[in-house]
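Both of the next two complexes hold chain A, though its partner changes from chain B to chain C.
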Partner chain A sequence: MFDLDRVISLLRQGRHITEETVYALCLLSQELLMNESNVTHVNTPVTICGDIHGQLHDLLTLFEKSGGIEKSRYIFLGDFVDRGFYSLESFLLLLCYKLRYPDRITLIRGNHETRQITKVYGFYDEIMRKYGNSNVWRYCCEVFDYLSLGAIINQSVFCVHGGLSPDVMTIDEIRSVDRKQEVPHEGAMCDLLWSDPDDVDTWSLSPRGAGFLFGGQQVQEFLSRNGVDLIARAHQLVMEGYKEMFDNGLVTVWSAPNYCYRCGNVAAVLRIDDDLSRSYTIFEAVQPQNDVGNTILPTRKPQMDYFL
Partner chain B sequence: MSMGNNSDDNQELFNSKYILTDICCWNSVQSVESMERIVQQTDYDALSCRVSAINKGYLPSPCYQLEKCKYLGYKEIHLEYLNGLRQVSRRIYGKVAKSLQSSYPVMNYGTYLRTVSIDTELNGILSKIGKEQRVQIIDLGSGSDLRMIPLLHNYPNLKFIDVDYAESTKVKSKVLWGTPSLRELLKLQEPQVDQLVRSDIYELLSCDLNDLNETCAKLDEVTDVNIPTIIITECVLCYMTQDTSQRLIDRLTNLYKIGYWISYDPIGGAHENDRFGTIMQANLRDSRSLEMPTLMIFNSKEKYADRFSPLETSIQNMWEIFSRIPQDEIKRLKSLQFLDELEELKIMQTHYVFCKVHWGDV
Partner chain C sequence: MSGRRYNTKGINVLEVNSAREAHARTVHARLPVNQQPQQQREFAREQIPVPSRRVFPRPATATPRHVCNNPNNPPCARCGTTIIPSPRATLPLEDCPSVTIDNWTISTRKRPILNSQEFEDWENNRLKGLALPEMIFGNNYVRIENTRDNWSLEFNALDALKHVKLEDSGIRVAYSQKWINSKQEKHKRQMPGGANFDIEESSLKIAHQYDWTYTTKYRGTEEGTLRLQRDDEASLPIDKLARPDNILFFDDMILFEDELADNGISMLNVKIRVMDERLLILSRFFLRVDDVLIRVIDTRVCIEFQENKVLREFKEYEGAYKDVILRHRSSHSHDPKAALRDSNWVVQNTPLVSRQCESLAF
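Our next item is the complex of A and B:
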């Protein structure tokens, strides 16, 4: 057995974790996640967090600014990996917290928690760089298949990574989905992870090539049919960190500040209190160097960022 | 002179030179030479991006480059050039090949957009001028760009002049001469000792665009100020200071009687909450000591185009160009790599502009 607190401490410093430890960690996480339902019940007060995308140092800021895992409850809406330089550390840290404080953190699957997408958007390459083989990537992908598809807070707030699906009328219908698989290219499970709200009258094709666009009417119908007040989702970069739409019936929460180290956006988390009131905390990206000039972010970026 | 013997010597020369400039950088002494080298190296990024876009099938675009521009052998020309580059400099080849390994769709889309925009515009101007009268293209800071090959093939009335730093033209000259197919396509003449390749239709000029007198003197030798002239600056003006770039624009738009200027560059963004430009400046400074002195000065489309005033200009950002690409082509692009989101692409492409300028009468 490994010492969970020690692994947490290593991960927070962005230090290397052995392949064996990752394997053990992933196995334990799978066992834990396996018993969770597709839509997890969560009580208030709770902090809802959007996309993280491997920005470990910003994830640490997120915990710092919102009370910390020792004191608060969290829901993460997915997209832990890809794009940033510390996908592995970010995802493993969240898994360690889940093992250490199982009832304080809920992890929902995002559209990047798949084998296909991580091969293109950085997580796979990161593992190859860090380990020289893809084993760790495979272990993590196995865990992805067990992540929940949504959560519901006090029967009032429905949490999901992307959005609604024309194949899902009631939240109960999500419970019957067989989630333990790679995300399919269409159907309810795919839509929940890929869809976006937009100014449309009816279900429309998404420019992303997966999921749907849905409008105010679809949102109002979903809310009243399911007796909930709010859909909290992530999935889309919002420069201001969050964006409420459709008479505040839906909110997008984005938690990766200065996304991809170049977009210049701020990040937000949303706290839902016992009286269901909403409060947003805005935070900025960590500086590339600390106040004594030591590098926090790697300067040798593995990827070209600009057109030169 | 024979390529085989020389390439090794030059490899040596390269290495020793780079070690020297590296030390300069460590000491934070930004000598002119190291700044020059830093800017010159951006060419390898552009080349990697282009090869990556070719590799994934974004380029050549069937509807723009093949059908409209009638480009032939686009992919083959680039592969031949890469092969030649491997013979001339393993170091540069290694750099280009390494950054090829992982290429994000968002970068391939951007490379596609800049490439087809410039190619389509060039072809439009050239076909408007027709094949009867002489016409010349001056590609300032051309680096490893190879669009002269299909263009010269399609327009027998065209003369193409590539201009770049000596370091860059030296390599290009060797690669072109060392690659028989490219040598033939450009009808190159065997270069004299220490000279660059040239032909009746193609010139390769070494000069520093910051030195206006040198640039004009060299252009004067190989161009005709009285025939229609197309000037290209693709990510070039952004590395120059405000004064130097303005003097270059003023001088050349006065020198050539009838002209077109096609320019592609990043802009910093003018909205008060827009931090893209300042972050870009900081990122490039931290990671590679690269400066973009006017990014926040010409931070909007209007301000960028205004540099060419009072000439007739039209400017678009690349996101606007993207939004007008026909659905069939978009469908083709989507089939190449899965583009997971549009927000990031939009942010990036709204910060790059494509500017067209025209003066004089054809």
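Our next item is the complex of A and C:
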């Protein structure tokens, strides 16, 4: 059996974790996640966090700025991996916290927590680079299949990665979805992880030919049908870290500052207090600096070359 | 800067120094590779660079023709013109270097993506009807000016996005039909009861038409009384451009980027390198729709300073995703998809569909 606190300490430094340890961690996490419902109940006060995308050092800032796992409760809205250079460490750190403090952290699945997407957007490459084989990637993907699809805070705030689906109009219907699978390309589960709010009057097909856009009316209907006040989602980059829409009935929370190490955006987390009041904490990206051990973060340095 | 700075009051010296370092890293990046390690070591030891101690190679020509215009930029490696860097201890950094050679002035600017206010302004006023790409570096530009003849060419995101069509591109993601079919079936199944599935027939048609791939045939924004004229016979002086002439000025920036909701990538990138005798700009639009198609649109601009001559070449490449990936052999060993992220490899393996050339001599 491994020492969880030691693994946490290694992960926080971005150090290597053995394949065996990752395997053991993933198995334990699956057992824990297996017992969670599709939509987990969470009590206030709680901090809602958006996309992380493998930015480990910014994830550490997030915890530091928002009270820390020892003192506060957290919901992560998914997209832990891909894009950034520390997808594995970020995801494993969250899993370790989940094992260490099961009642203080809820992990929701994002559209990047799938085999297909991680093969294209970086997580698979990162594992190949760090381990020379794809085993660790496979263990993590097994865990992805067990992540919840949403959370509900004090019967008042519904949390999901992407947005709404016309296939599931009530939270109870979401509870009946079979979630233990690779995210399909159609159906309710796909919509919950992929759909976006937009300035539309009704459910509308995206010009890409798949995926729904939903508008203020769909949000109001969902809120009143389910007796909730707010939909908290992530999935879309927001320069200011968060964006409220539709008479504050929906909020997008984004927690990856300087996204892809080049966007220059700030990040935010949303705290819901016992009286259901909302407060946002804004934070900036960690700068590459020797004494925090992240000197391998890419800088804005353009690579000079004799391009033709 | 570390997160700790939020807990301290007043001006933190470490914070100022790290901002200076960040700034120096950015500006040092423009120095030629062989100069960088020395510069950085020296900098790390002394915190603030002391320009007088630096040793610069002797200029190749007795009197250099170019002038470095921005005092925030490092001393020019070629002529040794010493300009004291005055880093501002603020982030995010704005970097706008500039260089002049004879009557040609070259400037670039790099800033973060548009904030919500700017974004909404573009969406509601400047680019009405277009659902904007996720990341717009709308304050970035690459600009070349002929100050003597009042001619300029600029590459920026706004003008590039004005070339995106507000009509159906005809392109759909790979699983589109499957997705639509499943919704239609569900719609039919539930019609009799009509209870739970709350969409109308119209919801399965695209309501808002625009080219979601952000394909742009932008060739730069040209201003001046004289204009580039079609000249397909002309061609870029590849032999001269391939020579490893000293690079005086280099920049590389993204103008816009969209991840196409994780169905690929659409990106417009501009690179520039300025040598003593000429400059080259490559503006590359790169589109990959996973399992569907690959498209690259390259605009190259070459300016001969001595001759005061401008050449602009425009090339479009397009191929089916499966055909391009089939051309992949052993160049990228374990992961063929990695090859599709390398735009240089893609260009070499995607059919050229059109080429045009323009020229202008002052």
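Please note the rule applied: the second predicted complex is superposed on the first by the 287 of 308 C-alpha atoms of A that agree within 3 Å, B and C clash if a C-alpha of one lies under 4 Å from a C-alpha of the other, contacts with A are read in each partner's own complex, and residues count from 1 in each chain.
Everything that follows uses one rule, which is that contacts are C-beta pairs under 8 Å (C-beta built on N, C-alpha and C of every residue); 3 or more make two chains touch, one makes a residue touch a chain.
Computed from a prediction, not measured in an experiment: that's the story for all the values here.
In the superposed pair of complexes, A:Tyr97 makes contact with neither chain B nor chain C.
Which of chain B and chain C touches more residues of chain A is settled by the count: it is C. Contacts of A:Tyr121 after superposition on the shared chain: both chain B and chain C are touched. When the two structures are aligned on the shared chain, A:Tyr74 is found in touch with neither chain B nor chain C.
Shared-chain residue A:Asn111: touches chain B and chain C both.
By the touch criterion defined above, A:Gly187 reaches chain C but does not reach chain B. Of the two partner chains placed by the overlay, only chain B lies in contact with A:Tyr261; chain C stays clear of it. When the two structures are aligned on the shared chain, A:Glu64 is found in touch with chain C, with no touch to chain B.
In the superposition on chain A, the residues of chain A touched by chain B in one structure and by chain C in the other are 111-112, 117, 120-121, 125, 207-209, 236-237, 239, 259-260, 262-264, 288, 299-304, 306-308. Taken in their complex, chain B has these residues touching chain A: 42, 45-46, 48-49, 99, 101-102, 104-105, 107, 110-111, 114, 235, 266, 273-276, 278-280, 282-284, 286-287, 290, 334, 337-344, 347-348, 352.
Across the complex, chain C is touched by residues 60-61, 64-65, 111-112, 117, 119-121, 124-125, 128, 166-167, 169, 173, 185-187, 190, 194, 196, 198, 200, 202-213, 221, 236-240, 243, 259-260, 262-265, 283-284, 286-289, 291-292, 299-304, 306-308 of chain A. Across the complex, chain A meets chain B through its residues 111-112, 116-117, 120-122, 125, 207-209, 236-237, 239, 258-264, 288, 299-308. Chain C makes touch with chain A in their complex at residues 1-3, 6, 18, 21-22, 25-26, 28-30, 32-33, 91-93, 95, 110-116, 119, 131, 134-135, 168-169, 172-173, 175-180, 182-183, 186, 196-200, 202-210, 212, 238, 241-242, 244, 247, 250-254, 260-263, 271, 273, 280, 282, 290, 334-335, 337-338.
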